[in-house]
Amino acid sequence: MTDAVLAALEFSGIFVFAMTGALVGARRDFDIIGLLALAMLTGLGGGAIRDVLLGVAPPVNVASWERLLTATLAAALVFWQHDRVSRREPVIMVLDAVGLATFCVTGTIAALQHDIAPATGALLGVITAIGGGVVRDVLSGRTPVVFSGELYAIPAVVGATLTVALQEFEPLGVLYVFPALLCLGLRLVSMRRGWSAPGARRRA
Amino acid sequence: MTDAVLAALEFSGIFVFAMTGALVGARRDFDIIGLLALAMLTGLGGGAIRDVLLGVAPPVNVASWERLLTATLAAALVFWQHDRVSRREPVIMVLDAVGLATFCVTGTIAALQHDIAPATGALLGVITAIGGGVVRDVLSGRTPVVFSGELYAIPAVVGATLTVALQEFEPLGVLYVFPALLCLGLRLVSMRRGWSAPGARRRA
Amino acid sequence: MTDAVLAALEFSGIFVFAMTGALVGARRDFDIIGLLALAMLTGLGGGAIRDVLLGVAPPVNVASWERLLTATLAAALVFWQHDRVSRREPVIMVLDAVGLATFCVTGTIAALQHDIAPATGALLGVITAIGGGVVRDVLSGRTPVVFSGELYAIPAVVGATLTVALQEFEPLGVLYVFPALLCLGLRLVSMRRGWSAPGARRRA
């Protein structure tokens, strides 16, 4: 049961992240290849970078044709139904927050299967959650929105760190719902209230 | 015989791709290091990304001094003979199409030596063919031309997919000439006729 | 003794490189996440790319929490003391040259522990020294300064090449001070005199 729920969350996360990638591509007037590339990189890139850093080859997100197909379907949906999809952007942003919450937890857990330091595990969880978006932004010619915009990465940092802490105590799998919900809640509240991350105090 | 032909095609492909990288660098007024870096990344980057994703370390394109030297010579040629080289850009574009056709087939075959899904094999073949150009464009500060310009990636997708299909039937090596010629022909015709890949139907 | 000196140089190099990353982020008005990401990528990115290419997983710079902490502290310093830090930019540039000299030698030595060609060893040493800066620039939306600006990469190329040459003769460890000093001296002199690398002869 839990495994099925996890898989459903993973695949929805890939689909939604891939949609955000394809939408950015459409806004830049990229062609179908650009949409597909951005969909794959955004939906699968974060997990792929994590696996490359862990020495998992080929990365799960590249090896699994089901995941490649999921990202491709998201690109196809944006390609053929761009207007319908982009009208639903508020819904997509909520689903994107669900993806963020899923990936920061599952990415951290996947990393901690390997013999690594806790700090490395949390870092790889955050990379899983935000890495695809960073690649999407660089490839579409803008500086990564997670570096200067809304409160997006910090919920993932919180979720990944709490996941590492739970893992230290070897808890039951179901407990990992908490870091995911914490990340999700923090992201949704900050979307609602327009919170942003603090910048450097340049004129302190 | 076939091996010698393949090696000749591979090295010419690296040389021509590296030249296109160095030419982009020269157009941006990069110095000799910028030209060399772009030449290496464009000529060797696609294959290197494929090998990293497959767990081949170091990547063949990084391990082989002959390949490093080939990219270096291309950079040197552009550095010292920029005007002569850039006057021949139409010829370079045809040779670039030969490189594209070579790499989408050889990249797919190299990937399928590993135990991977057919879709993954085709994807890695396409990455081999277009990955270097994407890195070149990102590092020289423009959005990748394969995402919004001419019909460039689709011939590689066609060639890689047909290569995977042939491999399923374990055919003789010489048969792989067909996907390469198909990719080459498609690319040359689309250069001639100015075909471009379809974009998203934004106002459908 | 030598090991302690080497470790001290490595960690200072990471700290200073990370500071330059965070400073670029602050100049672009990135938030704390952007500063942290640029600090990590600049301080740890070059060595991480080298390790990925060598098949060392996870890369030492990602696996070691001490190194992650070092980059984090550099980001924190720039975040809370931006004005004090940026006023000392001339000092930082000198320390950055020390980091460059350290990394081109230690990166080459680390690479040559593996069974690779001399040219590959030198290339990986140069990537260790300048790779983080290239990633920093691409992620902050500018073309890499090492491609078109000052004489920065060439001292690293000289240091890495001399390190490879020394390794061929299996000399004592202390001899590696020479390539490092040569790289450092060349960089400092070129900073002083405003030397830049030669560009392509576009109108030859």
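Just so it is clear, A, B and C label the chains in written order, and each chain counts residues from 1 on its own.
Everything that follows uses one rule, which is that a residue touches a chain if its C-beta (ideal position, glycine included) is under 8 Å from a C-beta of that chain, and two chains touch if they have at least 3 such contacts.
Note that the structure is a prediction, hence the values are computed from the model and not measured.
> Looking at which chains touch, is this a line, ring, star, complete or other?
Looks like everything touches everything, fully connected.
> For the two copies chain A and chain C, what rotation in degrees overlays their C-alpha atoms? Round to the nearest 5.
The C-alpha superposition of chain A onto chain C needs 120 degrees.
> Express in whole angstrom the distance between the two chain centres, defined as the mean CA positions of chain A and chain B.
Spacing between the chain centres: roughly 29 Å.
> Which residues belonging to chain A are in contact with no fewer than two other chains?
Those would be 52, 55, 138.
> For the complex, which residues does chain B have touching chain C?
So the residues of chain B touching chain C come out as 22, 25-26, 28-35, 37-38, 48, 52, 55, 57-59, 62-65, 68-69, 78-83, 138-141.
> Applying the document's contact rule, which stretches of chain B touch chain A when the two form their complex?
52-55, 114, 116-120, 123-124, 134, 138, 142-144, 146-149, 152-154, 157, 196-204
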